[in-house]
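Heads up, the next two complexes both have subunit A, just with different partners, subunit B and then subunit C.
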Partner chain A sequence: MNHLDNAFLLVGFLEIAMVIFMQWEVYIINIIKTFSISSYLIAILFLVVGFINHENFILILAALTALTRGWFIPFYLRKILRIDKWRARETSPLVGISSSILISLLITVVGYLLYSLTLSNYIKSNLGSIPIALMLQGMFLIISRSSTFTQLIGYLVMENAMYMFGYIFPELPFIVEAGIVLDLLGVVMISGAIIRLREDVVQSGTEDYKELKG
Partner chain B sequence: MLFFLSVLQLLYIALLAPLTIGIIRKLEEIVESKKGPSIFQEYYDLRKLFRKETLIPQAASPFFIAAPYLTFSLYLLLTLVLPIITAFPLTFGPVVDFVGGGLIFGAAATIKKIAAIDTRNNYAHLGTSRASAIGAVSEPIILIIFIMFGVITNTNNPYVINNVLQTSTNWYLSLIHWFATFAFFMVLIVETGKLPIESHSLGELGMIDQAMEMEYSGKELALYKWGGYMKHFLLMNVFMNVYAFPYYVPMQPNLNSIFAYMIINYLKILLLVVLFVIIQETFSKYKLFKNFDFVAVALVLAFLAALVFYTTGGNV
Partner chain C sequence: MEYIYLLPIFFSGLGSLLCILPFLKFEEDISVIVAFGALFSSIYILYLPNFTTDFFYIDGLSKIFLVMTSTVYVAAVIFSIYYIEHIQNKLFQSHFYFFLLNTFVLTMLFTVILNNLGVVWVAVEATTVTSALLISTENDEATIEATWRYVIIVSAGLIISLIAIIFIYSSFQTLSFADLLKLYPKLSPSLERITYFGGVLGIIGFGTKAGIFPMHTWLPDAHGKAPSPISAVFSAVLLPVALFAIERILQAIPNDGVKVFAFTLGLLSIALAAFMSFNQVYYKRMFAYSSIDNMGIALIGLSLGGYAFVGSVLIILAHAFAKSATFFLTGNVLINYESWKIDDVKGISKTLPATGYSLFFGSLAVTGTPPFGTFLGELLILIAIFNTYGIVITLLTGFLLAAAFIGINFQTLRMVFSEPILEKRKENLIVIVPIISLLLALSVTFASPFIYNILFNGVWK
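And then the complex of A and B:
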C-alpha cells in the first residue's frame, strides 16, 4: 500500500470507530461534536491527497468539507439544540446501547464481506469496504435512534461515506462531489426548519412522558 | 544467571506492587487537595493484616482458606513467565505461552469466585455475579487481542511479541497494533477495577471485585490484597512492556542493563500511574448496566484490529 492508501485506511477506520462512539453516546451535543471531528478528518485526508497529487479541485473540496461539514452544519445543529434543550439527550433509543454497538460492529463486518464478495472483483483496492461499512453504519444509526438530531447525523455519516468513495473512484467529476456538499447544506437547513416547525405544532411531544418510565 | 533473574523479577513484582498502588492512592488524594496517606500505607496495611486472626464463616468449606493461597501462588507463577525486566525468556518462560498466561489469570479469578460463593455472603454473591457477567465479555476481548498479536508476530510467545514490536516500526505504528492496544487498555481498566467501571467506596451499589473478599480477614485477606496489587502491577507491566511502549527492554542477559532497565521500567509504570490518576479523577462511575456498553466498545476495537488486518491483507 502507498502512503495515501495508508492515510485513507487510518481515516476510514477512525471514522468507523467514531460512528461506534456515536452509538455509545447519549448526549446529542457530543454526537454533533464527534461528527464535526470526523468531517475535519476527511477534510485533512482530501487536503493531503490534493497536495500530493497536485490537484486543485481536491483542495477546494477539502476546504468546502471543512467549512460546511466541519464547521457550519455542526454549528447550525448546535444552534437549534440550544433552543430545544429537552432534545439534548437520547431518552429512548429503539435498540439498547450495548446491543447497538455490537450490531454496528456486525454491520461493519457485513460491509467488508459484501465488498469482498461483489465489488472487489472490479476494483483492485481492498479499501472500498470502508465507505460501504460506514454507509451501512450510518443507516443503522438512523434506525436505531429516535432523536431527530441523531437521525440527521446518521444521514450525514452516510453522506460522508459517499464522499469517501471519491477516493476509491478518482475519476468522479468535481461537480458530483461539490454537489454532495451543497446537497447536504440544503438537507440540514430544511431539516432544521422542520424540527422548528414540529416544535411549534407538537407542543411538548411525548418524549417528556417517556422519561418517567424509568 | 536465568534463575537469579527469575528470582529478581519475582521480588521486583512482589515488593513494588504495593508501592505502586500506594502512589496511585497518594496522587489521587493530592489531586483532590487532600494530604492523603503515605505511599507506604499498603505495606503497613499488609503488616497489620498478617498479624490479625482469621475468622471463618460457619458455612464455609476448607476451600475458603485454600483460595487466597492458591490465587497468590498463581500470581507468583505469572511473575516468572511474563516479560517484565527482560525481553528474553527466563527459567520458567517456556512453561506457558500468552494464552496460557491468560488462562492462569482466568484460573485465579475463577478460584476467587468459587471461594466467594462458598462464603454464602450476600454481598460476595452479588460481586461474583457482577464480575462473571462483565468477565463473560471482557475475557473474549483479551483472547481476540492475543490472537491478533499472534497473527502479527506468527507466535503466541509474549517475548517474541515484545521483540517484534521493539524492532519493527511498521508494526508498532500499524492501526492493528493500536486498536488492539486501546482495547487492552479498556480491559485493563475493567480488570483493575478503575473508574468509570468500579468505585472503591463502601456503598454496595458499585461493588464488584471488592465484594468478593467481604468475609475474609487476617492473613488470608492480606494475601488476597497482596495478590490483587500484584495482578494490578503485572497487567500494567504487560500493557507497557508488550503493547504500548515495548522499547528499552534488555534483549541480552547483561546484569547492568537489566538493573538500569528496572529503573526505566518503573518510570514507565509511573507514567501509566499518572494516566490512571487522571482517569480516576476525571470520570464519574457508570451505572452498573452501562459497564456493558464500555466493554462492548472494547470488544469492537479488538474486532476492528482484526478487520484492519483483513482489509490490508497483513501488509503494513
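And then the complex of A and C:
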C-alpha cells in the first residue's frame, strides 16, 4: 500500500467518524460545519493526489470540491438556517441517538462485508469499502432524521462518498464531472427553496399527512 | 443538416427563455407555439435517418421518445392554460410556471438524444431540479412535503445509478453508448462481473426515477399532489425517460443476470401496484399506482428484448397518451367536485358526461384493455414471458395485471356511474384535449407496424 492509499484510508476513516458524529448531533449548525470540514478534507486529498500524480484535471476537481461542497453549500445552508432560527435544533429524530450510533457502527461493518463479498475480488484496490460504508451512512442519515436540513446533508454525504470512489476508479470525463457539480448545486438550491417554503406551512417535525399515505 | 435533430430542444429552450422574461406577457401563447414547434420537428425527424456523433445518438427509440414527449408537451401546455386559472394559492406567477414547464420538457428531450451515458445521468438528474417546484405549484402543506420527498428520494436513488456509471466507465474506459454496444463482447470475465454490478445498480438508481419497486415511494405522493397537467407529464413522459436510461444500460450490458434482476423488479412493481390499487382513497394517487403497474410491465418487456421490447414501447406510448388524458380529466374532476377523494366524487357521467365517459375509457386504456395499445403491448410481453420463464410466471404476471385492472377500474366505475351528487354542468371545451389523447392511445395499436419499422429500421415507412 503506497502513501496515497494510506492518506485515502485516513481521510476515509475521518469521514466515517464525522458522519457518526452527525448521527447523534442535534444542532443543525454543527452538522453543516462537520459536512463542510469533511468536504474540505476530500478536497485536500484530491489536491495531494493531483500534485503527486501531476494531474491538472484532479487539481481542478479538488478546487471545485472545496468551492462548492466545502464553502458555498454550507454557506448557503447556514444562510437559510439564520432565517429559520427555530430549525437550529432537531427535536424529534425518527431514530433515537443511542440507536443511531449503534446502527451507524453496524452500517460500517455491513459496508465492509458487502464490499468484501461482492466487489473486492474484481477490483484490485481494497479501499472500496470506505465509500460504500460512507454512502450507506448518508442513506441512514436521510432515513433516520425528519429535519430537511439533515436529510439534505445525508444526500450530500452520499455525493461525497461518490467522489471518493473517484480515487479507486478512473475519474469520469470532465463534462460528466462538471454536470454532476451543476446538478448538485441545482439540487441544493431547489432544496433551499423548498426548506423556505416549508417554513411557512410546517412548524415542527414530520406531520401526519393523510393525503400522502397508502 | 444535423441541426434539424436539435430542433425539438431548440423550441423548448426558446420557450423557456422567452417565458422567464416577466415583461413579455404572452407566456401561454409562446408555450403553445414552441410546443407545436417541438412536435412538428419531432415528427419530421421520424423521416430522417439515424444520427450519431460523439455527443448525440438518435436511433428509432430516441425518435419515438421525441414524438411522445412533444405530443404530451403540447397537450400539457394547452391544458395548463385552463387548469392554472383555477389554482387558488399559486406558488408563483404564470410566466414562471411556463418557464419551468418548458425547461422540464427541454431536459427530457435532451436526455433521449444523448450518446454519453454519464451525460444521460446528468440530464436525468436535471429533470429533478427543473420539475421539483412544479409539484408544489398549489402551495399547501402536503404538496410541499410531497415535493421534498420527491427531491430527496429521487436524488439519493440517482446517486446509486452514478455508481453504475463509474463501474461502466472503469470497465469500458468510455461512456459513449455507440462504443459500449461494440465493446461488451470483448470484456474480460472480471470486468464483465463489475459491469454486472453496474447494470444492477443502474436499474435500481434509474428505477427510482421510473417509479420501480423498491424506490417508488415518492411517486404516489408527487403524482397525487402535483397539478394535473404536471402529474400528466410526470406519468406520461418522465417515468418513461428514466426507463429509456435503463434500456440504454440493458442494451450496453446484455448480461443475463442483469436482465433477470430487471425482470424481478418489474414483477414486484406490478405486484405492489395490484395490491395498492384496491385500498386507495384518493383518485390521483390510485392512477399513480397504475403508472407503477405500467412501468413495471414495460421494464419486464425491456428485460426480455425482441418482440417484448416492441411490446414495451407500445405500452410506453399508449400509456403516455392515455395516462396524460386520465390526469387531465382528474384535473377537471377536481375543479368541479373540489375534492381529491374517491368517495366524494359520484356520478361524473351524469354531471360531466364527456369527462365521465372519457375517464372511464382512460381507466380502461391504462389498465391494458383491448383495443388500446397497452393491451397489444401486454400481450406481446406475456407471450415472451411464457417463452422465457414458462407457464407459472406467465400466469402470475397475468394474475397481477388482472388484479390491477379490477382494482383501478372498480374504483373508476364507482366515480363515473354512481348516483350523481351534483347537478349536470356545462363541459369546458378543454375536454377535447384528453379525448384526442385517448384517440392517440387507441391509434398506437394500428400504428404498431410503423413503430416496429422505426425501432428496427430507424425510419417511418
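Here, the second predicted complex is superposed on the first by the 199 of 214 C-alpha atoms of A that agree within 3 Å, B and C clash if a C-alpha of one lies under 4 Å from a C-alpha of the other, contacts with A are read in each partner's own complex, and residues count from 1 in each chain.
Quick note on the criterion: contacts are C-beta pairs under 8 Å (C-beta built on N, C-alpha and C of every residue); 3 or more make two chains touch, one makes a residue touch a chain.
Note that this is a predicted model, so its numbers are computed, not measured.
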Fit-or-clash call for subunit B and subunit C when the two complexes are aligned on subunit A: fit
Touched partner set for A:61, first subunit B, second subunit C, both or neither: neither
Which of subunit B and subunit C A:139 touches, first, second, both or neither: second
First, second, both or neither for A:105, with subunit B first and subunit C second: first
Subunit B versus subunit C as contact partner of A:32, first or second or both or neither: neither
Geometry of the superposed three-chain model: angle at subunit A (Cα centres of subunit B and subunit C, steps of 10 degrees): 150
Dominant toucher of subunit A (residue count), subunit B or subunit C: C
Partner chain in contact with A:97 - subunit B first, subunit C second, else both or neither: first
Partner chain in contact with A:19 - subunit B first, subunit C second, else both or neither: neither
First (subunit B), second (subunit C), both or neither touched by A:73: neither
Distance in angstrom between the closest Cα atoms of subunit C and subunit B, superposition on A: 20
Common interface residues of subunit A - those touching subunit B in one complex and subunit C in the other: none
Touching residues (chain side subunit A, partner subunit B) in the complex: 1, 9-10, 13, 16-17, 20-21, 24, 97-98, 101-102, 104-105, 108-109, 112, 126-127, 129-130
Interfacial residue positions of subunit B with respect to subunit A in the complex: 175, 179, 290, 292-293, 295-297, 299-301, 303-304, 307-308, 310-313, 315
Residues of subunit A touching subunit C in the complex: 118-119, 121-123, 135, 138-139, 142, 148, 151-152, 154-155, 158-159, 162, 165-166, 169-170, 172-173, 175-176, 179-180, 182-183, 186-187, 189-191, 193-194, 197-198, 201-202, 207, 209, 211-212, 214
Subunit C residues within the subunit A interface of the complex: 91, 116, 118-119, 121-122, 125-126, 128-129, 132-133, 136, 139-142, 144-149, 151-152, 155-156, 159, 162-163, 165-167, 169-170, 173, 175, 190-191, 193-194, 197, 220-221, 224-225, 276, 279-282, 285, 340
